[in-house]
């Protein structure tokens, strides 16, 4: 893989999930994988979330960058 | 919700949990929700933790900001 | 003013306005001024906003810190 | 709106205006709204500008991120 | 101390002193300790100061966060 | 303009205005333009301000860098 | 513990896990605990990961600092 | 060029090269120039690289943002 | 002081001292006060230092910005 | 000293002291000097501390990087 | 050199070059060295550049700080 | 390579060179490769340098992190 010059592109996406931070990451990765080229890696930027009326975390929101190779 | 001028306040809190990062967030959100106004959202700042004598993570410590509307 | 030891407190608030960034700052400053002590200064952190269905900025959201002297 | 998993995409754009910072934001938001999906929100990154020969600000340049939902 | 879930709150304060940075920290800590709960720790953010007419530092201003446990 | 090697210098200034952020930028740009070389561009760093006794913003303070070519 | 002067050292490590962010932290903490002195705490820096051919997160990579007392 | 309102878009790309940092930048710029609109400028974010089995730098990886005008 | 538009300039200087951080600040403030206009305030950026052959701190180096009003 | 290629290593340590920030730096520098190679310089990262039961600063904790030449 | 109190000043400049990042640094250093005091060191801030009509990097622009001793 | 849990360690080093930034990176990488485990990758932090009496760059100093797998 190393040795030939390559170019990658990074896109910033936000995934949400009621369950966990990992699940919010997977939500974003799955969606980006279908509309873009096949992804290589991701980098988490921010972790945020929404609090429901009952005072529990009702949603995790993860801002991440996903990268894929331009061919 | 958008359209009338509103004011929110953000408070910085730290929640701990033996179980997971999500659980430490929920610990802080639950406690802040009772003493402050009803929370709207949260933003994770730092994730830290303590290591026990047996070399395992004994506690997650999550620094987060919680926001609520001033009415 | 300089010369005697003083203590200030900073609070993080968010003001919104349909009109301008300056108006959103004033919204937050006015509200904080009534519930807290008299404010001395403010520092803008983030400027964000909402986009309406017609593609125009429908609301400015300014995150700022306001400071007041603890007496 | 909260409750179902969603994915958003953020794009970095720069708008310019001779008039004001708010107008430069609107310039960028309007243009992004036509070529991309309908925008949800924006976040200001940098505010810069050009100085004309007469020593007055001849142009505001606002770097911002705009976000829209991937459906 | 580690083992039970706890919640801490962080408050941003500014202390001033004619003498030293350490004294400005102590000024802020003493004042916060009386009006808030008993403090656990502090974190220095910024160190600034004022210069008097004779060109000497007439005051140190230390911005710090102080933390205390919510019980 | 591009093609020959040039050198620019950046200076940090603060402008104030009772009216608006844009006016505070113009105040600083006008003053720097007379004492320094003709300015090329500016970059906003911080936006701060003072709150008057009546709880309204009495002054905007904008920290910016201004750049000019060394000839 | 507080009262006598102590010195701590911080080391930067990266742990990986197919399962979760918490598991990647534990992987790094366990490995560092055996080769270094007994660890006291950790601080998470970056969370990244790899995406497999099927578009799912195949690995979490957590960059963290671990601290231990120099005796 | 200054005077009419314009909108630019910034894209984040990564270029690699066995030879030099400048060459890795050119690799990314060339590739982005063909698939996107004609580029105006670039801004380097991170410089990283891979180390080969013989302990020499086998590849430079430069993360950069490239900007082009939306027309 | 507030009310009329003013312009300040900030200059970055480094002061050194064998004695303390405060003394290094004073060294820089004194020197800048003579060559520039009368200073108004300072902001500490970095604190560094040199270690002598005997393993003690032989010099503190404080990077600070000093500000003065342009009249 | 300048002219021949050299390599330095930086290590992150934390020193504590009941007395002052400078003393906490010296505590860390002394300890690092004995276990590592002879140190060349240090850079202060964070300044934190502990608050005792009587509301006074009971300990300064300074996070710093120390550098020494690899020979 | 260490031992007597000294004061340094840092100035921010931008150098450009068609050839390389190192050459853009040298352009700025040479120009600053003639108009200012003799320089001691430099610190690179940003690396940017311009892309020509043929899609190649037509100019490197390096933002750097240069430091010199105030005597 | 992906799939089994691994642990990496990152070390901060500084390499110098009279010739170029790339050469300073190689200087540090070569030295770290002999005293540590075989390196996997590097990340550039800061680029600095020294200016000689003749006003030319006499040395590049590159601060970088190098990473290697703990086995």
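Letters are used for the chains, namely A, B, C, D, E, F, G, H, I, J, K and L, taken in the order the chains are written, and counting of residues starts over at 1 for each.
Basically, a contact is a pair of C-beta atoms (placed from the backbone, for glycine too) under 8 Å apart; a residue touches a chain by one contact, two chains touch by 3 or more.
Quantities reported herein were computed from a predicted structural model and do not represent experimental measurements.
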Other chains in touch with both chain J and chain K: I, L
Chain separated most widely from chain D, comparing mean CA positions: J
Duplicate of the B-G contact set - from I-K, G-L or A-B, the pair where over half of the pairs recur: A-B
Interface residue overlap between copies chain I and chain K, same or different (over half shared): different
Geometric centre distance via CA averages, chain F-chain C, whole Å: 22
Mean-CA-position distance for chain I and chain A (Å): 44
Computed distance of Cα centres, chain L from chain D, in Å: 38
Per-residue overlap in chain F, given as positions that touch at least 2 other chains: 11-12, 21, 50
Touching pairs - complete list by chain label: A-B, A-D, A-G, A-H, B-C, B-E, B-G, C-D, C-E, C-F, D-F, D-H, E-I, E-J, F-I, F-K, G-J, G-L, H-K, H-L, I-J, I-K, J-L, K-L
Chain J-touching residues of chain I, taken from the complex the two chains share: 20-21, 46-51, 53, 55-57, 60
Interfacial residue positions of chain J with respect to chain L in the complex: 2-3, 5-12, 65, 67, 70
Contacting residues of chain B [partner chain A, same complex]: 21-22, 25-26, 29-30, 33-34, 38-44, 66
Complex contacts: residues of chain J adjacent to chain G: 11-18, 24, 27-28, 31-32, 35, 50, 52, 58-59, 63
